[in-house]
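Both complexes below contain chain A, partnered by chain B and then by chain C.
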Partner chain A sequence: MVEASLQGLAAVFVWPNFGLMILGALIGMTVGFIPGIGGNFFLAMMIPFVFGMNPYAAFALLLGGHAVVHTGGAISALLFNTPGTGPNAATCFDGYPLVKKGQTGRAMGVAMTASAVGGVFGAAVMIGVIPIVRPIVMAFGPPEFFMMIMVGIACIAFLGGSTPVKGLAVGALGLLLSMVGQDPSTGVVRYGFGLLDLWGGVNQVLVVIGLFAISEMINLALKGGSIADQMAAKVSGGLTTGMLDVFRHWWLNLRCAVIGVVIGLIPGLGGEAAGFLAYGHAVQSSKTPEKFGTGMIEGLLAPESAHNSKEGGALVTTVAFGVPGSSGMAILLGAFLILGITPGPKMMTEHLPLVFNMAWTIAIANIFGAAVGLALANQMAKLTYLRGSILVPLVLLFAILGGYGVRNSMFDLVIVLFFGVVGYYMKKYDYPPAPLIMGLVLGKMAETNLNMAMDLYGVEFIFRPITFVLLLVILFIVGLPLVKATRAAFGKRGVTSAGTTA
Partner chain B sequence: MRARLLNGPTLFAAFFVVLFAGAIIVAFTYNVRARGAPLVISIPGLVLMLGWLATEIRTGGAATLRRKHDREVAISGEGQDSVSAPAKGKETSNIRKLPVPRALPELDPFLWVTGLLVLIWILGFQIAMPLFMFLYVKVRSREGWMLSIVLTVAAWAVAYFVFGHVLRIPLYEGIIAQQFLR
Partner chain C sequence: MLRQPRMWHLGIFLSALLALALVAGCAGTAGQPSAPTKSTSEQQSAKPAQEKPEPTKPAQATPSAKPTPAQAAQPAQEQPKAQPTAKPEVQADVAFYNGKTVSFIVATKPGGGYDAYARLVAPYLQKYLPGSTVLVKNVEGAGHIIGANTIYAAPADGLTLGTFNKGLIVSQLAGMEGIKFDLAKFVWIANAATEPRAMVVTAKGPYKTVEDLIAAPEVKMGGAGVGSESSNDALMAAAILGFKVKMINGYAGQEADLAMMRGEIDGQIGTYSSMKPLIEQGEARAILIIGKEDVAGVPNLRQKAPAEKKALVDLMESQAQLARVIAATPGIPEGRAKALRDAVKKAFADPELLAKAQQAGLPINYMSGEETGDLVRAALDQKPEVIQLIKDIVTKK
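Let's look at the complex of A and B:
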């Protein structure tokens, strides 16, 4: 085992594998930076190039890039409120407010370091859990998926900040939006209004681009000035602080990385779910949940750590069982076939050094990606001080191209525009955007899995062991703040009555 | 009374009420199984927003504006452990404020964004993108000729080379090209 691991590590640094990993990571970060394209596009674009390569070189290129796509996506999310990839949407919630405060360096430091730590953790877990993962994966069926998603949805209530009513209503709107399109269980097209473009549903990337990028540019065009409200004293100083912040919040970072790995392990949930569930967990476990959305470090590091650690988990099921853990991994299966390798249990005996090599590639590419991001942070931070007259058209074009790139459809641009206007007013009238995206991402998965669970087990699915434990977790998540609020109210009353008596 | 009803926060809350009510009405046109989930979501949504709408009407939109103010205070840095927070007085004095019309201020950026989509629809990405860039930078923002031209060329280069040739994403050509140039 140790020998195979060392063989895998040595193969990372063999030429041309190392060069291909670096090339892949640079392309992956660039693709991630451009909104609307994402990791799947990167893999699809790169797979034709691996014909004739040896497996080590091929996976250096593919995994080197795929591992850091979200790291690149975090940069555009932070700087322009335009997430490069779907999972980076959660990065905007607290990352962008931090940039607006002029703390771009610190935000970059947190995002890059948390991504690297998450990615390395995911790779480490990949190595550790392969021998024991089978029962875990097999234990998860539609009822467990449904309840796990409900854990995320339960967190929506905490994303409303000082106005939970608005948070819940916006979350409900997100859930409702997730129901647009053909219902998988009945075939009925819901809220399609006769438009063929809505049959496939509303793509969350379009909503994210509209809600964050377009609305922010409308706002910037109105108020003038630049993205960062204030000039940062020294960007590089913030960078170090940001890196240290990640280690200051190491426990949250670790928990979110675990969330990412678990989401990755479970086929069918994606990077979006990882980012949002981790963000929801950060809010729910915080002592000051009302401050989220205003530039909380925890709100930035949670999704960054989770969606990078997810890749290690997703690769486990792909390699060990031939079951892709995510859509990206499904594309990666194509590369396995091109290279003449059959993923599955035999990988653990016949190609063990290659499996370790994959894990090492993910870990090293993540560190490299973060280093590139940190090295460019000072230069990139200057973009946030560009005046609006230049930045607004640049970002608008960037966002519109990203929106179009999702499905090459002009109708999608109308969706982007609609959510741009809605997002502007949501911001103006203090409606939190995070619950809408969370509802949209998790809603469809929840309904599909609920229908399957009901068909398979009826209402009794609630009493399956893992499902029941997750139900208790939901009750805890929802109940804890109520208990806290009641205690606080009683405490206040006690103080008041004591004061009156005195 | 008119001021209590016709203010932004109240109208936006009413927009949500209309959305949820519409979703409920439309859901009843589906079969029982398909309508279940939308109703489970939109009925509580409607109840919540009706409650909030009542609050907005009662306070004339002040409920939202007060909370928004509190939130802006939070974003401006108070209560944060901002180690690298900027020094006061270092605000960007060199930043040029854009000329913004006073009446219906949102209309101006809304029209620009909508105009971009209309331009793309008519002329396609490869013409609309540089044209929009030039119009925005030169006409709206009154920047210098050199900057306007450089950014215009850059916008065209991104559309043509990066998306068209490197990434090979087929960009929409516009109705004129589709109707007359084929």
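Let's look at the complex of A and C:
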């Protein structure tokens, strides 16, 4: 076992594998940075090059890039409020406000370091988890997925900041939006308005680009000035502060990395949710949930950690079962076939050094990607001081390209622009945007899984062990603030409550 | 200390943007192999020009050059000669594609089987249409309907073709809303593969034969979504064989495999090649095969189906035949249709492509455009009562 691990590690540094990994990482980060083109596109594009390569070289290229796509996406999310990839939407929630406060260096430091830590954790866990992955994956079915997502939805309640009612309203709007499209269980098209393009529902990447990027550009154009409108401390000082921040919040970082790995591990949850669920957890577990959305460090590091660690988790299921844990892994499976390797239990016996090599590649590529990001951070931070009149057209261009790139559809641009306007007014009247995205992403998954759970088991699905435990967690999360508020109310009136302490 | 951004900061930023735009542009020509392959393909395309005696070929000998007056004169001289010697058939208008961009539409997101076949054939299509650039474009949505609509509604200039799920035949018969095409009218270019479909059940489960299924009170089958191939196949198989099916839809990709391993569902229907790993791992057993080919030890739908359901069985078999169809916009000039068909035919005979396909596990059984079109039209030509039966079957929950 240890020998195989060392063999795998050694193979990372052999030329041309190392060079291919670096190349893959650079391309992956660039592809991640460009909105609308995501990790899956990168993989689909790279697969033809893999023919005839030896497996170590091929995975150096593919995994080197795939591991850092979200790291690149975080950069455009931070700088321009335009997430480079769908999951990076969560990066925008608290990352961009930090940048607006002029703390770009710190934000980049946090994002890059959290990504690296999450990615390395995911790769490390990969090795440890493989022996027990089968019982875990077998234990989680649609009922469990439903409850996990409901936990996330419960956390939406905390995203309202100072005005919880507004947060809930926006969250409900998000849930409503998630109902648009064809119901997978009955095939009925809801809120389709006769438009074929709405059958698949409202794509969350489009909503995010509109709600965050376009609305921010409208704002900037109207207000004038530049993105970072406050004077800031020296940028490079900010970087180190950011890096240290991640280690100060190491416990949260670890928990979010675990959330990411679990979500990646279990097919059926979809990697999209990882960042949002981690964000929800950070909010709910914080002592100051109302400050989220204004630039909380925890809010930035949580999703960054989770969406890099989820790839390690997804790789485990792909390797151990031959069943892809995420859509990116589904494409990677194609690469396995091309290289003549059959993923599945046999891989553990026949190709163990390769499995370790894949984990090491992910870990090292993550560190490399973060290092590149950090090195560029200083220069990139200066962009946020550029005049709006220069920046707005450029960011709009990227945003439009990104929106079009999702499905090569002009209709999608209408959605983007619509949500741009919606986002502008939301900002104006102080409605937080994060709950809308969370409602949109989680709503679809919750409904699909609820329908499947009901079809499979009837209402009794609630009493399955893991499902029931998760239900209790939801009740606890929702109930605790109520209990606290009630006790506070009693306390104010001078009546001491019987039975005490937390 | 805060410093004002200088012009050179802007310069760096703009250069970075330009670089990104170039990358995006290269990404747009997605899946194209790197330069070395291109130059060998140029050399190779010169060879067929010399080997084939067909009159139209010599004019295409230099793929990248602008046609010089001498070469331009050649086609003018060649064609009048061509007509009397050839039978009065259409000539493949390969010259048209020189310097043009062809869009190969895939009706799914990047990364699925249809996408894999498209990206496999696109560079070779480009090779056999010298001077052309073939771009793979993913236009997904509404279960392949948007992609198919896009191909159908494209300008009829021969610059658009694409691939989609032949399950749209059933969707068209059932009269699904949103369909703006008529499959019978597409210009069928080819069918790349035939893939028998297999119904599998959990190995640990109680069902060993089709008769067991029929006797059961309810059989839970997993599908991707209402209207999807997996779902329609399961419903049609149940209607043909007479077992009571409960569709559990919502399993994307291979999640149904895991659901079977968990014992959540009893079985699913998919291509035999995609089920093989499950069978080999001992998690599933094949209980029925649908298609013209027979698999040892597994009964075929043809054998098990009652005689009165023959029309439906034929429909399901033709679906298995038409696993990877390629179609072009209706109404394109016949010369260009022939050029596309010839190029695709040569692509699927190219030893390099065949080697890659085999490595990637993508079966290739080329069927000509004409034969594909005949099969599609035959499948669409059903008696009214059969159409009503199909409608009832696929709209049942």
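Definition applied: the second predicted complex is superposed on the first by the 494 of 502 C-alpha atoms of A that agree within 3 Å, B and C clash if a C-alpha of one lies under 4 Å from a C-alpha of the other, contacts with A are read in each partner's own complex, and residues count from 1 in each chain.
In the analysis below, a contact is a pair of C-beta atoms (placed from the backbone, for glycine too) under 8 Å apart; a residue touches a chain by one contact, two chains touch by 3 or more.
All values derive from a computational prediction rather than experimental measurement.
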Margin query: According to the stated criteria, A:G200 is in contact with first (chain B), second (chain C), both, or neither; which is it?
Written below: second
Note to self: Under the stated touch criterion, which partner chain does A:S309 make contact with: chain B (first), chain C (second), both, or neither?
What the structure shows: neither
Next item on the list: Check whether A:N88 is in contact with chain B, with chain C, with both or with neither, and answer first, second, both or neither.
Entry: neither
Margin query: One more residue to check, A:I390. First (chain B), second (chain C), both or neither?
Written below: both
Margin query: Under the stated touch criterion, which partner chain does A:Y404 make contact with: chain B (first), chain C (second), both, or neither?
Written below: first
Next item on the list: Pick one for A:N40: touches chain B only (first), chain C only (second), both, or neither.
Entry: second
Next item on the list: With the two complexes superposed on chain A, say which partner A:I218 touches: chain B (first), chain C (second), both, or neither.
Entry: first
Next item on the list: Look at A:A330 in the shared chain and tell me whether it touches chain B only, chain C only, both, or neither; answer first, second, both or neither.
Entry: second
Next item on the list: Please work out whether A:N253 is in contact with chain B alone, chain C alone, both, or neither, and reply first, second, both or neither.
Entry: neither
Note to self: Give me the intersection of chain A's contacts with chain B and its contacts with chain C, in residue numbers.
What the structure shows: 37, 41, 45, 183, 185-186, 231-232, 234, 385, 390, 394, 401, 408
Next item on the list: Show which residues of chain A lie in contact with chain C when the two form their complex.
Entry: 27, 30-31, 33-34, 37, 40-41, 43-45, 47-49, 51, 137-138, 141-142, 182-187, 189, 196-197, 199-200, 231-232, 234, 267-268, 321-324, 327, 330-331, 334, 337-338, 340, 342, 344-345, 379, 382-383, 385-386, 390, 394, 401, 407-409, 448-449, 451-452, 455-456
Notebook entry, point to check: Which residues of chain A touch chain B in the complex?
Noted result: 37, 41, 45, 97, 100-103, 105-106, 161-163, 165-166, 168-169, 172-173, 175-176, 179, 183, 185-186, 188, 190-191, 214, 217-218, 221-222, 224-226, 229-234, 237-238, 241, 291, 293-297, 385, 387-390, 392-394, 396-397, 400-401, 404-405, 408, 410, 413-414, 417, 420-421, 424-426, 428-431, 443, 447, 450
Checklist line | Complex contact set, residues of chain B against chain A | finding: 8-9, 12-13, 16, 19-20, 23, 26-27, 30-31, 33-34, 37-38, 41-42, 44-45, 48-49, 51-52, 64, 67-68, 70-71, 74-77, 79-87, 90-92, 95-98, 100, 105-106, 108-110, 112-114, 116-117, 120-121, 125, 129, 132-133, 136-137, 140-141, 143, 147, 151, 155, 158-159, 163, 167, 169-172
Item checked: chain A contact footprint on chain C (complex, rising order) -> 1-2, 4-5, 9-10, 12-13, 17, 20, 23-24, 27, 30-34, 109-112, 115-116, 119, 123, 137-143, 145-146, 149, 177-178, 220, 224-227, 246, 248-255, 257-259, 261-262, 264-265, 277, 281, 356, 359-361, 395, 397
